[in-house]
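Common to both upcoming complexes is subunit A, partnered first by subunit B, then by subunit C.
After this line comes the complex of A and B, so read on.
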């Protein structure tokens, strides 16, 4: 088996496992939902079949046991209890291990999980009253029709008919009206349809089960025949599958399509809802992104040359190319965007596990799942969010009895929401727990020497203390969190994404952590400024406004470094001094007011050159420790401009302000 | 090649009997560096000063659409820093920084030639009587009546990177 085929199998198995997990989690909320049971069963079955085909024998064997257990749920023999579903969830994780690391030794762990599963099934058996008595004999009229490529997909109609016959007395009539003349017959095509009269003691579900793996791809009508002549209407739509769906199904992946084999064991008819999507390796997208980046740089060079020239034709072409490259950039960005739903989806399982571990009842609600963020950003957000959710569940939410005592509902709620705001996405994690205990934070901060004992500190600053390394207010280290490594790691990750983090909390009412993350890490709109001889880029999303700072004002403000902006005092940094340019100030300096979160400062520059599409290039390790710059970019003339790290500059400005205040 | 640089300078030259090097001039001294490291030799490019950076790598340049640091060995060896001449070139080399292969530009006053140095002609830097830091020199190679300095590039770069990150990275090597 080629490595490629195995890689494809693994990609699909991962997706399948994801679906199984989502299905199981849904099942916890709606244990009665038959569709969910079927979906999970189908997922397990596919995994078993394809696993065996690709030589993942341990996976196939293990999945087989789970499938058998789950089949009893599907046959209404046992109820889908929370315990049973959790056992299958744990088994699913084991399947994932078997799939990712087939050569490892997982037998012992697998046996434990299976024992657990068996116990859960037995218990479910004891609680669940078996399903209502089977109905008596019914006669069903079944019409089914397979798509013309059915053989090539490995479907064996004879096996389907044999299975129908197993259910009871059946008479089969083939509909041969579509069979073409001999010279037009394509031997690998399928032309027949069947009409079956089946008398059985089994219900409709049993008949549908026969077709369960081909159903999405075929036309199937099942009608109960009370009398030979009387046909009940109105019941068919549930079993109807639209033929259009069959047409929309793309070619099955050659890697999974078997040449021969038991057709029932191979699920070839995966329903694919989004007919027109292409799977592309992420590094190809990155490559394309690089090319677009280079194009943007070349375009701004062209723009500069055209601007200096008087040739109207050159200018027109340059404008066209400018528009095109801008559009290309935007399209490229959209390609890399994925909805945060893919991220939020993972946390349902986390909440489920956390609830079981802590014994708390937790409800997760999500909002704004369609908000899109750059794929690389999403991936790097997963860990910080896990930390934050764990924190909320572990530290934030109270035990059910404490909640009731505090007049709250027994079930704690954690809400995840996302929305876009300018060039940023804001992700908020909110819980309705006890809130952050200020006294404890203060005590801890004083103990660690972060603040002077008894020093006055604003509530906001006090809460920010929790992001200091080694800071944890949990008195006992729990299994979940409380090692004090979480929050500073969260902050570092968010910083590295050029985002910011803010925490708000009301005692007794809960806490709220907001993450502000830039939409993309690749290209931003920037404001190009000049300080001394050097050119710098300020991310446009951080810019609030630009003002003029006359020499007079500059002189007057010396020593206090504040400007008053609509009755508010805004501290400012003279970049000329910060960067030690050694040049005299321009006659008309400019102040660019930038903000990061709630804070704002002014940056004094010599000249504002204009806006600039900035392709972000990272700095080498030799300059990585400079907190003033977050990267560099290449300008139209081939020169390099450094990108200012606004969050750090704002922090620097605030610090300077604090020092000034102390000095006064 | 980095293995060569990583050995203690007293061991001088290790490995192959011959090595192909690029020789260049810096403040009147003749230097050589492993030719395999060299990516390209380019004319002086407009530099962008990075405020606050270590003067050893105080600026960055645009090298084929990438932003790479420009390093000055004269700072490492305390050589006199003269003006650029018409012969000044930037030698772009690849070097490992913090586990990552990184392109870095090196300022030179003049690039001479690619030549082969013999192991038999090399000697470890004397531990006394040198005006340069011995740990920055891999070995000295005698050719005709002059000495060619083979700098321990990896050590120089590690040092200048570590200078900015005092604690954690010292134990890395």
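After this line comes the complex of A and C, so read on.
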């Protein structure tokens, strides 16, 4: 077995395991949903079969036990109790280990899990299944066709038809209308479909069970026929027979029939095979992104050369290449975007486990799952979000009896939401727990020497203390949180993503942590500005407007750092001073008004050069501590421009404003 | 002029490509092809589909396709597959050389 084939199996197995997990979690909410039971069973069956095929024998053997247990659920022999589903969830984790590390020694752990599963099944036997009772005799109209590769994949339609006949009285009509003539047929492709009228005492689920292992790729329509007498009367049967007889319909006029040996031009459409998606390894996508980045830089150089040239042809070509590279960049960006649903989906399991571990009833709700974000960002957000959710469940939510005593519902709520705001995605984790105890945060901060005892500190800054390394207000260290290593990791990760984190909390009502994350980490539209001799990039998504600041206005504003913008005072930072350029101000300086979240500040620059497609390069470790810059980029002339960290600059401006207000 | 085409020991997934080529080739030279399917010839659903395709081709090109003898041993398979349902006279006369029951 080649490494490539095994890698493909593992990718598909991971997806299958995800689906099994989601199905099991759904089953906790809807234990009577037979579709879910079938889906989980199919997933287990597929995993077992493909695992054995690719030499993952331990995985296949272990999964076989789970499949057998779940088959009993499918056959209504045992109920899908929460305990049983949880046991299969734990077994699913073990399957993943067996898949990722097939040579490891997992036997003992596997035996324990199977013993637990056996116990759960035994206990579930005592509980009557909750599936709907079998209906009486019903006539069903069933139409199905199979994918074109069905024959090659060993699917046996005759076996399916035989199973249907086993359920009751069946009338089977093959639909051959899609079988193309000989010159157009791909002989091993499957073109047949069937119409079946089945009168049975079995329900829809039993019919679906016939197709359970081929259901993913086929078309299946099942409908109950209201009036069976109507069918017997012949009307319906005639309609059903028609497809089979359709072959005889297009009888050509013999006079116009082609002569012997002529090519036949028959208007029978070949089945069109549409590839709906293509699986591409993530590293190839990253490689392509790097190439696009280099192209954008090269295009920028070309643009500069063309601009300096009088050659109209060169300018025209440069403009074309500029347009194309911009479009290529945009296309590339879309390829990298994935919905946050892929991230949120993972946390359902986490919540399930947390609820069991803490003994709390927790409900997870999500919103804005279609919001898209760069795949690299998504991957790096997973760990911080796990920390935040663990904290919400462990510290935020109260025990059920405490909640009831506080006039709340027994079930605590954790809500994950996402929405796009300019060039950022805002992810909010909200709980309806007890809120952050400010007194304890202050006491801890004072004990750790982070603030002077009794010192005045804003609420915002006080809450930000929880992100300090080693800071934890948990009285007891639990398995879940309280070790004081979680929140600072969250902060560090969000910082490294050029994002920001904000906390709001109301005592007794809950807490809300908002993460503002840039949409992408690769290429952004930037505004290139000059400050002194240096050039800098301001992310265009943060720019609200640009104003002129004449020398007179600049002089008048000395001693204060506000501009009046439509009756609102906006603080501003003179970047020339902040960067200590040592150069005199330009005659007509510009103020670039930028925002982060609800806050705005003005950045005074010497010159606005223009827009710039900015390929973001990370800063070296030496410069990692510079909070005013989030990265660097290479300009068309080979020079380097630093990218301003707007979130930090806005915070700096707001802090400056607060200090000046205090001074007044 | 008729052409008698004798099938191999089986008309199944494995043989359908070669049978298709033979049929296409012979339809290029003859107006009537007679296929001889022996009683011990193994036929599967894929093979049946190909024969139906050949029938369709013959109809559309004004040619004829027939069996050298009734394929009685395929009756069960054709019934199970729903190929004979609805009393299609065309199918019955092709496969069994008999008039459909009225």
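Note that in this section the second predicted complex is superposed on the first by the 422 of 664 C-alpha atoms of A that agree within 3 Å, B and C clash if a C-alpha of one lies under 4 Å from a C-alpha of the other, contacts with A are read in each partner's own complex, and residues count from 1 in each chain.
Here is the rule we use: contacts are C-beta pairs under 8 Å (C-beta built on N, C-alpha and C of every residue); 3 or more make two chains touch, one makes a residue touch a chain.
Because the structure is a prediction, the values reported are computed rather than measured.
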In the superposed arrangement, which partner chain does A:11 touch: subunit B (first), subunit C (second), both, or neither?
neither
Given the touch rule stated above, what does A:569 touch, subunit B (first), subunit C (second), both, or neither?
neither
Just to be sure I read the superposition right, which of the two partners does A:316 touch: subunit B = first, subunit C = second, or both, or neither?
neither
Quick one: is A:579 in contact with subunit B, with subunit C, with both, or with neither? Answer first, second, both or neither.
first
After lining up the shared chain so the two structures overlap, which partner does A:180 touch, if you call subunit B first and subunit C second: first, second, both or neither?
second
So, does A:107 touch the first partner subunit B, the second partner subunit C, both, or neither?
neither
Of subunit B and subunit C, the partner touching more residues of subunit A is C
After lining up the shared chain so the two structures overlap, which partner does A:162 touch, if you call subunit B first and subunit C second: first, second, both or neither?
second
After lining up the shared chain so the two structures overlap, which partner does A:623 touch, if you call subunit B first and subunit C second: first, second, both or neither?
first
Listed in rising order, the residues of subunit B that touch subunit A in the complex are 45-46, 48-54, 57, 60-62, 65-69, 71, 97-98, 100, 102-104, 157, 160-161, 164-165
Taking the touch rule as given, give the residues of subunit A at its contact with subunit B in the complex, in rising order.
293-294, 297, 533-535, 578-581, 617, 619-623, 625-626, 628-629, 632-634, 638-642
For the complex, give me every residue of subunit C touching subunit A.
13, 16-17, 19-20, 23-24, 27-31, 45-46, 49-50, 52-57, 59-62, 77, 80-83, 85-86, 88, 90
In the complex, subunit A residues that touch subunit C:
151-152, 156-158, 161-162, 171-174, 176, 179-183, 185, 187-188, 190-192, 194-196, 237, 240-241, 244-245, 247-248, 250-252, 254, 257-258, 260-261, 264, 266
